[in-house]
Amino acid sequence: MNFLDGLLILSLLSVIVTGFAQKLRSAGWLSSVLLGLQCLLLMGMAGLAYGSPAVSSSFSVSVLGQPLHWQFNALSWFFALITLASALASSVYAAGAWGEDYRLQGGNPGLLQFALNLNVFAMLLLLASGDLLSLFVGWELVSWASLLMMVLAGGAAGRFGLRYIVYATAGAMAVMTGLVMIFQLTGSFQFADFAAIAPSLSNAQVVTFTLLFVFGFGVKMGLLPFHLWQADAYAETPGPGAAFLGAISSRMGLFAMLILVIQLIGLGRLINIEVPYSFFSLRDVLMWVAAFTIIFPTFTAMRQNDARLLLAWHGIGQGGYMLMGLLMVNPLGSAGGLMHVFNYASYQAVLFLVVTAVIYRTRTADLNQLGGLVTRMPLSFLMMLICIIGLAGIPPMNGFVSKWLIYRSLIVEGMPLLFVASVVGTLGTILSVYKLIHNTFLGQLRLEHEQIREVPWSMMIPMLILSAVVFITGFLPGIVLDWVASAQAALGIPVLEHTLGGVESPSGNLDMIWICSVLFGGFAVGALVFYSGNKSRRVHQLDNYAGGHFLTADDRYHYSNNFYAGLMHHIGHWYRGTFQWLESSLGSAISLLSAATQMLFNSFHPALFLLLAATLSLLFFAG
Amino acid sequence: MNPIEMNPVALQWLLYFGAMGLIVIGIAGVVLHQNIFRMVLALAIAEAGGNLLLVIAGFRFGAVAPILQDDALQTLNTSNMVDPVPQAMVLTSIVIGVGIQALALALIIRIHQRYGTLNMREVHACMMVDINKSAAVDDLLSAQQPRGRRPLPSPPESTAKRANNE
Amino acid sequence: MNSIVLNIALPLLVAFLLPLIHASSRIAARITGPLVLMVMMWSAVIVFKALEYPVSIALGGFLPPVGVSFHLDQLALLMATIIPLLMLLLWPYQYEQNLREQTVLLLLAAASSGLALSGDLFNIYVFYELISVASFGLAAANRQASSFAAAFRYLLISGLGTVLALTGIALIYTQTGTLNLAQLGLLSSRLDNPLGLSAFALILLGIGVKAEIFPLNGWVAEVYSTASTRTSALLAGLVSKLAVLAIVRILVVAYDDSEAGLMLLVFGVLGIIWGEFSAWRAQDLKRMFAYSSIGQLGMILLAFSIPGEAGMFAGIAMMLHHLVVKPALFLLTEKWNHGTDSLRGAARLSPLAAALFVLFALSLIGVPPLPGFWAKMLLMSGLVGMDTSVYYIALAVLMIATVVEAQYLIRIAVTLYSASDRSSELRLASNTGVMSLFAVVLLSALLTLTPLGSKLYHIAAESSNRALYIRTTFNVNPTPVLEHKNATQEASL
Amino acid sequence: MRNLTALLFSGGLAFLLMVIAWQFTLGDAPMLIGAAILDNAVKEVGAANLVTSVVLGYRGIDTLGEIAILFTAATATSMVLGSFAMTDEASETEQREDGSILGSSVRLFFPLLLTLGLYIIVHGHLTPGGGFQGGVILAGAFFLPLLAIPGRSINHGGIALVEGFSGAAFILIGLTALFSGQAFLQPLFEHGVIGHLFSAGSLPLLYIAVGLKVGAELSGLLANLAGISSHAAEAEK
């Protein structure tokens, strides 16, 4: 009985307990405590992140002659930490005032907590997978558990959840095909056996496996042609659930892809496979997929008028950075990709939670219906500010470090076009997160929002802690880089040389402590000048004038509708909804096919088909 | 003419062509007819073809029926007999055919009673209407494919008034 | 071993006498049927337990190949056990005025057992016909006009199928002069030519009518949506499997290593496409399940088209899985026979039934760790193992079909759990008890996956062993089941 | 269009079946089990009619299945056509006159047919014919009055009795063999002298059971069909 056994058993117990305790008032706190205990157990395995050998679970199951076992290494620990931390934050958030409110709105917070625990259990099982079969079992559990979370809200959520599960099943089928192919090659589902034959695979086999796994796991990540399901489904999920799903759920796809494509098949193989009639290698193709995944969803996010949708669309784009980083041979890139998982989870969770807090107070997430909340909910504003700085990848927050690593490695590896592509993506990010914070917290306060207050502490504390993480790991990225380096070692890829303040390697240096000191020194100077001048005067937020005229609160001068009209003038015609069109065409095609197949069953004389079948099959054999 | 004396090739043509022909005529009859009673008759023809084929399977030139009679009873000579197994099988399959046909006729009687028609197309249409009704589903064959019942547009006022006046 | 014929003789005997028993005592008539089924189950279990290696019994004391023989192997006995069990679960206990239906059900039980056990081509045909006639009766038992029409259309297709099968048998007999499967196996070189394969095609089409093979399944949706749910459950769950089993027996024993498997593959793939895509648009539960059952049968055929143990293992696993899941799903529709749109919010009123639906749906889609997943994985693994382009195409079709399947099943699940805009009148399905039993079976299969898997593997290894079949039938040196195999070898995929 | 397709494919099917059939040579039956039966049937079963020894001996289980099919068909038919009572009602409403020619000839034929049927059944193991053929004649005997003499109805209770017991008798004979340590449906008793009425062991008994069963089933079936159709005609008026 080691920590891993304890963690998995406790997680399973939490699922059962929260399942039965759904109706309890205190179900939320119960679930938070259970998740907290799981975090403690995970901390017990913290040695993994500092070089301890992998932990194997002491139980294993054998099905159809194939053993399934579970183990934890530094990579699993890294992902599990993110999972449990975001789950704990979401759980605490949902346990308090928000849960009460959710209950009053007709929801069942107990069920939400159950779904949360179920997701955590499924993810831990996936992260702990010690062979391909347990990986797939965990993978499917994750898929279906997140479906439960998505459809909790009912209504449109059901439709989006359904769409998700179609994509997820398609992906799962691709993965399963890949797995049984591996099984037929090696006769087992063990990682080691596949790794052993991986070098001797033919190019065609490598391409097949890569495409199958990238498609299968990429669906969950929202890689480009398969990204449509994600934003809608996450946006409709109840707030804390969305924070959790947005933070980590899609990254499970990245995790599985890491194991199969990068660890087992190996990037070296991908780089050596040329795409015919081009100068691309297979790896380059994937990187461009990642690049487009960064650009298109991010710019789609910019057009959203619902805060949740805006964030959810963003989440898709950020996945592209991670994949892009991890596809780099350079240790800088892979470290950036891995670290981005952590960073992104931290601020994405906070952002969703802040938006949920805004919804909690104002009952709307429509960016055209908000504004000026900064004085009403100052802490929330601050946290959103911290996190959008992180999301945009601007110092001093942690997002800067991971993006710097990725950019740096792109430059070092000599991939200027990809660099430009990712910078374009970052541009979109900055523009859209600015739209988010401007339309929510800045600008004109709406009269109906004048009386609202900051959210209760039960909701505030998780956000505060996570924002602190965003800041601290930005200031001292070495904390995370330690874990990342161990994870790199566990994956068997080059390890990043790092210090507490950043990176010190031949490929580039970064010292966040120094950067932050300079930055805050600059701020201090500015503040000194501002406050020593003492020329400012505080007025009420609704006390405004323009052009010599007083503006009453009824005048709408908050510029929110058709944000970025000038930019849209130039790029607006690029938004064509091609993917939507493709998806709906596919749906129509299936519908058409379905109608055609039903004609057989609606034929008034089915015996005709018997005649046809008899003739044709005789023709086949005797003819 | 005694068939044994016939040209074997001609006999083969006759028998196999007869058997296969009956089968095909039967199947084609079932498919081509719209009258369900005729379909059952066609089915009977097809079955007859199958049975004939079975009997032919045991046929031998110059052999007699596998029944010991008269002289053979004394000598117990069974060497010049045809294969008895197909004959037993044919017996079985004929009886099976009878059972199926009886049941088919009973069903036809009921269908005719309830639907008042023997035309397969009409029977099918009636049946589909019944099935759809019992399943509370719109007619799948109709063009109103988008799901969910759409309310009919209310008639123009003038016609509604006229209807009221009348 | 000989006592297994009781599984055929006893239900027939009671069925013949049931009207007379009914005339003397109604209560006796009511309990006789279930009693007989229990005895059948008991007898099958006893033989199953005593069976160490396959045994052939000669009926009438005439040794095969001259006489009719029953081939008792684990697969046959497994089916012989399942038949009465399933019938007990689906027995019409609560209806009055069901004497004839009970009679027909007993006849069906006898015929099904016979079909599972028989080792003679023509005997298989006879039992198959008995099943057919019994199922026509059951299909019409509802006494609705539509069920008469559906039963008639079913009868028509089935009757034509009979003719084809009979033609096929006649061709085989003309070619080989025998009907015993084992002897056909010995003579299989005579059948591995266009003539023999055509005969197989005709038999396949004939028996395939019950097995819901692709172009012959026009009756499926009609009959299942007009007959009583128990009948549908029985037809979809049991009868179709028995028909498949008969086909597989013929295929394995007499058409080993021939192109015949390819035909199964083609029909299987077409069945999957037709069934699943039709279900995608189905607007009421019964027809959706009917179409889905066609698709599932296609998958089963596909599995059996893979030669060797792998295919047999996958096929048996899929078959048993479907045998548990589909009857349960049909029972669900007993009260829910409405358009899918009107199911909105039904979960609130009947939470257990809705939860069971979700369980069965997930297993049907193949979500791990439910049994359906393992069955599907065996199938996929077998397909990949063939490493031929045709099988890869089949694999692709299977994948797409699974996605379609997931879409329509989860669509229903989501509808069930979505909020209702009006007070729904759909109450708890009355058969939740029986359905729960099915769920218990499914879940216990999940818990005992490892022993079950190895048991099924042994069964598959035994029934895919053609030489063993032939040896058993001619009673030459009865040998332990896996003598040729390393006995310690674990069951593996 | 449909008809054209059907015709085209029927033609194709006919052609293919002929292609298949042409590969056989007529009269060249392989006689694998056939020859074995011809050689051994006299010794093993002792019936002069070798077809009977196949029907009731070698393939007795097929015959059991066959009468079960007939029984199933009869049961299903009565299930479809409704309860027996309906026929009786129908016959009560009949008002037609009894045609004297028809009536008297039926009265003449009835015993003749009965005798013929029984004869064929009893001699099934000796001469062409047997339980099925005789059973059909018996059914004809019982059905004739129904057709010819309006208002005549069949005693369904009697039919049920006969069909139940005759079917049961067949199985019980088979089970007797089983419980006496032999195989199910193994012929019992001494073979006797081949060609005599009392020979071939239990085969004549089995054939009597089959004959009665078939007779009862078919009469029941025919009566059902006839009764309900006249009733339906009534209802249509």
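Note that the chains are named A, B, C and D in the order they appear, and that numbering of residues resets to 1 at the start of each chain.
We adopt the following convention: contacts are C-beta pairs under 8 Å (C-beta built on N, C-alpha and C of every residue); 3 or more make two chains touch, one makes a residue touch a chain.
Everything quoted here is computed from the prediction, not taken from an experiment.
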(message) Spelling it out: a chain qualifies if it touches chain A and also touches chain D; which chains qualify?
(response) B, C
(message) So, comparing C-alpha centroids, which chain is the farthest one from chain A?
(response) D
(message) I'd like the Å distance between the centres of chain C and chain D, where a centre is the mean of that chain's Cα atoms.
(response) 31
(request) Compute the distance, rounded to whole Å, between the mean C-alpha positions of chain B and chain C. (result) 25
(message) Rounded to a whole Å, what is the gap between the Cα centroids of chain A and chain B?
(response) 62
(request) State, to the nearest whole Å, the distance from the C-alpha centre of chain B to the C-alpha centre of chain D. (result) 20
(request) Could you check chain B for residues that touch two or more other chains and list them? (result) 23, 27-28, 30-31, 39, 56-57, 83, 85-86, 89, 92, 96, 99-100, 103, 107, 110, 124, 140
(request) Specify, in ascending order, the residues of chain D that touch 2 or more different other chains. (result) 6, 10, 13, 16-17, 20, 24, 29, 31, 33-34, 37, 58-59, 62, 65-66, 69, 72-73, 76, 80
(message) Counting only residues that touch at least two other chains, what does the list for chain C look like?
(response) 122, 126, 129, 133, 136-137, 140, 148, 151, 153, 156, 160, 167, 171, 174, 177, 179, 194-195, 198, 222
(message) How are the chains arranged in terms of who touches whom: line, ring, star, complete or other?
(response) complete
(request) Please name which positions on chain D make contact with chain C in the complex. (result) 16-17, 20, 23-24, 29-34, 36-37, 40, 44, 57-62, 64-66, 68-69, 71-73, 75-76, 78-80, 82, 157, 160-161, 163-165, 167-168, 171-172, 174-175, 177-178, 182-187
(message) If we count contacts the way the header does, which residues on chain C are in touch with chain D in the complex?
(response) 2-3, 5-6, 8-9, 12-13, 15-20, 23, 57-62, 65-68, 100-101, 103-104, 107, 110-111, 114, 122-123, 126-127, 129-130, 133-134, 136-137, 140-141, 143, 148, 151, 167, 171, 174-180, 183, 194-195, 198
(request) Would you mind writing out the residues of chain D in touch with chain A in their complex? (result) 2, 5-6, 9-10, 12-13, 16-17, 19-20
(request) Would you tell me which residues of chain B are touching chain C in their complex? (result) 23, 26-27, 30, 36, 39-40, 43, 46-47, 49-51, 53-54, 56-57, 83, 85-86, 89, 92-93, 96, 99-100, 103-104, 107-108, 110-111, 114-115, 123-124, 126-127, 130-131, 134-138, 140, 147-148
(request) Note which residues of chain B are touching chain D in the complex, please. (result) 8, 11-12, 15-17, 19-21, 23-24, 27-28, 31-32, 56-61, 65-69, 73, 76, 78-79, 81-89, 91-92, 94-96, 98-100, 102-103, 105-107, 109-110, 112-113
